[in-house]
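Two complexes, one shared chain (subunit A), two partners (subunit B, subunit C).
So, the complex of A and B:
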């Protein structure tokens, strides 16, 4: 922390912790390039979906190049259980007047969910079953989210910054910093330091 | 002081760029103090991301000046005398870890930066215009984000509104000096980047436009041309503290490669 600002810093006016009643949980998907599928990026807390969108842009939108962000309240998604055996599903024809659901699938356990397409069916049970039949082959999990509950960033909104972002990325950072660090200290000193560090922590 | 640095400091157009770069350098530096201390995790991440933006914007502008005057951007950023920095007092006034002060400072500033970048993007110098154009798009994100917070807090609970109003009362006394003309040789409004009064009016219109949607109030007058401050290198005491700390690592080993 900055030395000059240590003065006058008190916790006396600290606000009470946020509670679930004022903070929602939002699931975030990012799109790397135009036309590419949206991929699960993570989730976050925010007071409402508008603020969640702003936060998502500054948080997940800065992890790698990103042109669009989708997000929805965590309570709005429906999922199959995670399964290593083929998921059971029954297709049904889309009903143009019914709810549109965006479908995400997970290929292997632990993989991120990737946008696959859409089904348009009345209730979540039928929709999830149809989503499995159409997109669930070889997948461990299928997720559906009603389209009208999802927020999206505006077209052409700047998310990923246009100036050099190399310093933000861990891969660029670690390489250059490691080179400088190595030049600065002898390797054996680093190993010695690591040993101490591990000892202190475990 | 090298000839190249002197040339830059005596070029009126360069001073317009330099004041914006200095504002952003100090603002980014001050806001970075909040990293890890934000009121909630996502706000911490977002404000740190925007502090990085400000530092990057400073770099983009220092690089432009570096190319034009054959100077290392780091030398421009770190190796001038305190009275050769052109940032305004608003950039370095301490916020004492009061989130309302931090928020209002950034909000007052971003409404100034956006129209200034609009004007720099119209300059004949293509390199400058292109850089300003890119930065302007990103500044728009700051405007949108900070406006949103001002609207929310300004029409929220009594406590939220009072805290923000207090910050406005504290910082609006410095806001007028955003519009001080850098370099004493520019002596008419019209010669300054499309006009000082016009810029002030645009700033006042945009900030008041947001405040009208809340219960907050702000009164800022455009100071007289004779009033001298940060943009002329005459800084308040808090600048010296911020400057000393910001340059501590650099001055430990000037010219070292990092």
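So, the complex of A and C:
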């Protein structure tokens, strides 16, 4: 055990001052393969979007393989309310000189938001309405984010490292674990035991 | 890792708008997921906040006993895996603090409440891990229990928590398989390895049985935590499923299931085979000697073998990291405090 962990700790009466108020909230999306839509991964706190990108690569980029990450400050997104009835929306033609908005939709409550496309319109109200009309059919929520407020990892940046990552994935152990169980237990007992595994990830 | 075990929730629905409450409860009964913009009873928001914060605290503190073993892992692959696992656990804590923030509590307030003892974390992390086999047992038994619990939490009703739980469970699957691999390797090894594994099993079996919390109240399914699908399975039901899965597996591995007495440092001082740990002839359900619930509540109150050390280490890290946070936040730097 390290000496730090063995030591008796002594503390000042007061905690250090809080620094929470200057930390931003960023929304993170990951892209699993080239050409696939970006899918919501989670949120994180960071002082600015550059550092948020670094955090996102280390956190969400190491959960599972991905080729690109998008982020935006959560204050920059505009959403419809989550609705169980068809969302109202009116389409409008894109204006090539106007703001480009990336559109994400949530299919059912509890689902993650998935990239659907883009609308190009001057203000958020018109853009959200057009996004609903074009992408919102059968969805519970539509979200738009100005494209120029989003950060992206650099092209060709290696996020999911290319060396063998089997040590950090359940599937990296499945065969050896099964072979070892076979030496101890009957097949039917192993099958019964495995029913509580999270199968999707093995 | 933690599984969000049962923080105390004194919820009083009678204080809510009864019409809105009825509509809310109908939506829950219909299987509708609640999103942050939806109306929800204050008691639900507070209850979910307590649950998510307790879960986040448990992920952060839960990384500490395992983190101590990174430098002493027996091979490079085990070291890589343990480093990745500890990174995952801390990441889970961060994700769950984000869920909690949206329920109304600032992140730093949560970090500070944890180190001043205002909020709690899971009991099982207040026990010692003196050998590598303890790390194997934490990953097999505690992560195994956590997966059982968190699979049910992923069927809950609060959208952000459900989404986070799906992501966490994906990583928990790795933690559990890694733990299984370690236990199987140790039990396929030398006499010394097997003896070390038995000793670690003796230390962790009791906390695993207590993992799911105390016995349920008779009407638990009608009380808000389950009625509102904040949790979807009772403590006793989860405990029974855990027993049915792990008791026969442990015995098949050659481990003995003991009822143990422990000293103040959490080390076993005497043990006897648990005669109650056999399958019921009629139901097939495995039995177990009821754990020492006095010990459970003693540890909750902060008097477990490692409570003081775990919280002190977290506070030490928080204080040592203050200058880094300040420098990042303000763009100015200052010297770190003396170690």
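The rule we apply is simple: the second predicted complex is superposed on the first by the 149 of 202 C-alpha atoms of A that agree within 3 Å, B and C clash if a C-alpha of one lies under 4 Å from a C-alpha of the other, contacts with A are read in each partner's own complex, and residues count from 1 in each chain.
Definition applied: a residue touches a chain if its C-beta (ideal position, glycine included) is under 8 Å from a C-beta of that chain, and two chains touch if they have at least 3 such contacts.
Only a predicted model underlies this, so the values are computations on that prediction, with no experimental measurement involved.
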item	value
Partner chain in contact with A:196 - subunit B first, subunit C second, else both or neither	second
Which superposed partner A:82 touches (first subunit B, second subunit C, both, neither)	second
Touched partner set for A:162, first subunit B, second subunit C, both or neither	first
Contacts of A:57 with subunit B and subunit C, given as first, second, both or neither	first
Residue contacts with subunit A in the superposition, subunit B compared against subunit C	C
Partner chain(s) touched by A:44 [first = subunit B, second = subunit C, both, neither]	both
Which of subunit B and subunit C A:36 touches, first, second, both or neither	neither
Subunit B and subunit C contact sites that coincide on subunit A, given as residue numbers	1-2, 4-5, 9, 15, 18, 23, 44-45, 47, 51, 59, 62, 167-168, 180
In the complex, subunit C residues that touch subunit A	32-35, 37-38, 68, 71, 77, 80-81, 84-85, 87-88, 91, 94-95, 98, 101, 106-109, 112, 115-116, 144, 147-148, 151, 159, 162-164, 167, 169-174, 176-178, 180-181, 184-185, 187-188, 241, 245, 248-249, 252-254, 312-313, 315-316, 318-319, 322, 325-326, 328-330, 339
Residues on subunit B engaged by subunit A in the complex (per definition of touch)	33, 37, 39-43, 45-46, 49-50, 52-53, 56-57, 59-60, 94-97, 134-135, 137-138, 140-141, 144-145, 148, 152, 238, 241-242, 245, 257-258
Touch list for subunit A against partner subunit C, complex	1-2, 4-5, 9, 11-12, 15-20, 22-23, 25, 40-45, 47, 51, 59, 62-64, 81-82, 84, 108-112, 141, 167-170, 172-174, 176-177, 180-181, 183-185, 189, 193, 196-198, 200-202
Residue ranges of subunit A touching subunit B (in the complex, touch as defined)	1-5, 7-9, 15, 18, 23, 44-47, 50-51, 54-55, 57-59, 62, 158, 161-164, 167-168, 180
